[in-house]
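What follows is a pair of complexes built around chain A, which joins chain B in one and chain C in the other.
Up next, the complex of A and B:
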């Protein structure tokens, strides 16, 4: 027999308890990894290939305030601006669904290729989208989710405008980081809503990354002190500011993660305390046989660490496998399209598992180390 | 009987503090135990015999006085030194056997050897010899729950002698055994003294068990009555 074999035999002496301890660590760490990845995906959304050259312009007051369409020719004349399109949130509900399950935006169909070039469709689809007034295109994920295909007609009831609109799907795009949105003509929305001359935002492509800061500055300056002041920013900055509007999602997720970890430490410490308390007499015997305090301390620490490590391996490993090789879009009903378990998150979760093993064993191992042999021998079996 | 003292106790006092009440377990005890003796400690419950055994074995400390075992004042050793000293010099046999339930008889006997520098092969040889000495060579792969009470106690004796200590201490080793098993255990202890020259100190209530020893010492209210 070796010392590691002795530790393993001790750890597995109550197989049901060991299995439940491992399972509780595994489930908690799976949850922790899930929360951390979700937080990362929400606060650091993936970027499209073309994001480096895109600028978003919105009303300076809030995203909900519209912008006048007359700003378009002014923006187009700014040096460094290559192409501009309106981009208006429609907020439509599909069929009888409770809420919106995919976003819809009205835009200038002819600008799609230039501004959002990563959206891939056939030439035929592009042409149909550009030329048909009630045409729309939808992302691959939404098409698959609702089993929609080219030629299908769909009706959407807007929660923003007092209209219900009919569309014909003329194309299904893919290649963006989020192939879920639906795009249709701004002119068609203007007609249906009876509110021509107003758009939600402007999205544009600039000629180069170097030109972007100047373009942003120029747009902001141009509309300063007008009735519709704007805020222009890079796509990345816009995404981050958009996320900040969600409020304290970071605090919420961090709080839930902290509660998960704290509860796990308490449960594990309690389990280890129970396991060690039951063996006080045996530990006293080991001391009598000549085992030193530090050796008993190491035994308990190794046992606790081992259980936490196995639980961590199962929990973190299964989260990694599921989110790396599983269809995350299907799993989350399209809420997330990417769910990347980064090395940083893996390292963080592993550190939590290791700390858990150490923390959970501290009190029982200290108690066992301090116990006198005579005191331990008096303990009832 | 050898006459060289292996244990020398002088004016040994042990006082336990139980809250504000102080209980004197041993009072000014002086005693010599010769090497190779099989000495039995007798006395009623609470007379201090187990406390005296624990101090001699280095698992408890006296409040006052001296306890020299093989020339070492055990009361002066720190925790780590004491642990090493116990491993090398004392073999323990307890009333409730105290084997580790998840380990086989072989592994239980091997436990004290894990603290030594011995290689695996040498450990195996010594464990096998110890189990053979107590007549349990054919039970070495049994778990404690697969052994009878007498067999468990004999495994405990094998564990006590596997490091080849000079001193074997036994705290009521037959207390939980039937008469037949008790006799087997007592004969095994007697053989350790006779054949291997070990010094055996045994606490017992039972005069029949005490008869297996070479000398009997009586304690009452913490004091020796026939040292």
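Up next, the complex of A and C:
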């Protein structure tokens, strides 16, 4: 019998225990990967292709305060600004749903292509959206969720404006990181609400990445000390400011992950020691036969490492497969749209699995090293 | 005949090393479960603990939060003298027209910014909310840009100490005092004078009306009267019911807690199984002896299940104890209802702790079931022969 065969035989001789150990490692690593990915998605949301050139402008008091529409021509004149559109949160409830299930924004339809170019639609759909007053376009995910198609009419009751509005879907777009939003005409909203002259935000595209800091500075300065001071920031900064609102969620997920890792180490280490302690007699015989401590260490380490590696492979692998090929927005009922298992997370989880295998073999190795042959031979269980 | 409980107890502690690891593992699982759920409980409690049973909240129909609601001055005048509304000693109706604005403020620890609810409140509105008391400094004076912050908000946001100044848009507010909302939703708010708030933030309309009814039996009648005015399109409901419904944020936290509990409990069940199988394996002879002594298979089965349950139950208790120091600890997150920071506490209720222990016991039961069946099925003779 070769030495690797000996180690494998040893690891699998109590098949049930081997299976249980592997599975508990697998479950824990699956959970670890899930939490890490969730944390990443929460704190570093995915970025759109066009984000590098986009600037978001909101009321300085807070996002919930509106901006006067008269700011538009002033912003458009700022050098470096390519195209500007209003972007107004409608907060509509669809059908009899309890709350809002997808976001809707009122905007300038003619600016869609220039500002949010990554939204893919046919030419025909673009033209229809630009020219029809009550037209709206929706993201692919929302369209699939509610089985909506072009030509359908939908009614939304706003939680922000005292209106209920009817729209006709003229296009279904895809290609953005979150194909869920609905977009419609700002003019249509102004008309329905009877409150023209106010918009939610301004979103714009700048001519180049170099121009961006200057544009942001100019916009902030232009409206300083007016009745509606603004905060202009890059799309990324705007997203990150949203994340800051989540408050202590990050600490929560991080501490839960640490507890998971700790529990995992504890349980697996105890299982491993159990497996070794059962074999003290055998180890004593090996010692008596002339195997050295070093070799015994290697046997124990290889066995423990092997079990952890297999468990890790199953846990990390299934998480990877599930989140890469599964429909994550369905699984989390829309909380997450993207759930990307990055190489970094894979590496971190593998590292945890490997350290686990090594750590778990330490205690039993020490015990095995310390025992004398005679004592070991006397051990019964 | 059942095995004496003492036998089970002592067995749990004989192989203490393996047992300890399993008990600790289960304890950590239970601690995580209890802590995450206690966040959801804390959020719900803060909403449910808000309001006075005699008050009615009036807001725009369709709005989900006061900050997105609007009540015009005309609508407010029409409601003021409705017959069901209580009057004070001087005959003034007990009605407060508030304005609620969300303001973006930097966090105290410098990790970013968040929206905070600023409530412009009338003196009447303060009387209608007896839960709120001043703890430091003084109340704001009408006509001045002064504000009083909840002390829980003050601990989380910059420049909120008494004497500090918060700048928002073109407005600067001086903090003149701290208040305490008695663990209600008001703990997440900043208060200032209503008229001052309307001028500082350029608002014509009010956000909501808070109305005291003379007789709580007339609450429904008042609500009906207000809602029957189709042009106004307002909604009236008991203040307590209004706030109790604002618990949407708790949903995802509960989902997270349940997901963690399910996944981690699967791991814990495997661990408990391992421990129990090892225990059965080591005690093969002992089991044989018990059977020879006349104990039946089902007593052995029950005995091992009881052992598993004791083991896990201990873990559950330990887990609750680990979680307990967090009880009452204040934390905050984004409320999905008001789109602003909601401050609340970890709340470990007796029922939640009991749930944790029950959960642990379930893990123990499931983990020991198969090993116990194996123990019960051991053939007597070969068991006796085992070394």
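In this text, the second predicted complex is superposed on the first by the 362 of 381 C-alpha atoms of A that agree within 3 Å, B and C clash if a C-alpha of one lies under 4 Å from a C-alpha of the other, contacts with A are read in each partner's own complex, and residues count from 1 in each chain.
Assume contacts are C-beta pairs under 8 Å (C-beta built on N, C-alpha and C of every residue); 3 or more make two chains touch, one makes a residue touch a chain.
Values in this document were obtained by computation on a predicted structure and should not be read as measured data.
A.B. asks: Which holds for A:9: it touches chain B only (first), chain C only (second), both, or neither?
C.D. replies: In the superposition, A:9 contacts chain B only.
A.B. asks: Using the superposition on chain A described above, determine whether A:358 touches chain B (first), chain C (second), both, or neither.
C.D. replies: Neither partner.
A.B. asks: Comparing chain B against chain C, which has contacts with more of the residues in chain A?
C.D. replies: Of chain B and chain C, C contacts more residues of chain A.
A.B. asks: After the superposition on A, what does A:366 contact: first (chain B), second (chain C), both or neither?
C.D. replies: neither
A.B. asks: In the overlay, answer first, second, both or neither for which of chain B and chain C A:286 touches.
C.D. replies: Touch partner of A:286: chain B, not chain C.
A.B. asks: Just chain B (first), just chain C (second), both, or neither: which does A:374 touch?
C.D. replies: First partner only.
A.B. asks: Just checking: does A:331 make contact with chain B only, chain C only, both, or neither of them? Give me first, second, both or neither.
C.D. replies: neither
A.B. asks: Touch check for A:64: first (chain B), second (chain C), both, or neither?
C.D. replies: Touch status of A:64: second partner only.
A.B. asks: Figure out whether A:274 sits in contact with chain B (first) or chain C (second), or with both, or with neither.
C.D. replies: second
A.B. asks: Which parts of chain A are in contact with chain B and also with chain C?
C.D. replies: Touching chain B and chain C on chain A: residues 381.
A.B. asks: Under the touch definition given earlier, write down the residues of chain A that touch chain B in their complex.
C.D. replies: Those residues of chain A that touch chain B are 1-3, 6, 9-10, 13, 281-282, 285-293, 295, 372-374, 377, 381.
A.B. asks: Using the touch definition from the top, list the residues of chain C that touch chain A in their complex.
C.D. replies: 17-18, 20-22, 24-25, 28-29, 31-32, 36, 39, 60-65, 67-68, 70, 101-104, 107, 111-115, 168-171, 201-202, 233, 248, 252, 255, 260, 263-264, 266-268, 270-271, 273-275, 277-278, 281-282, 331-334, 336, 339-341, 387
A.B. asks: Which positions of chain B touch chain A when the two form their complex?
C.D. replies: Interface residues on the chain B side: 54, 57, 59-60, 79-80, 83-84, 86-88, 92, 94, 96, 98, 100-103, 106-107, 110-112, 114-115, 159.
A.B. asks: What part of chain A is in contact with chain C in the complex they form?
C.D. replies: 16-17, 20-21, 23-24, 27-28, 30-31, 34, 59-65, 91, 93, 99, 157-160, 162, 164, 225-229, 231, 240-241, 243-249, 252, 256, 259-260, 262-264, 266-267, 269-271, 273-274, 278, 335, 380-381
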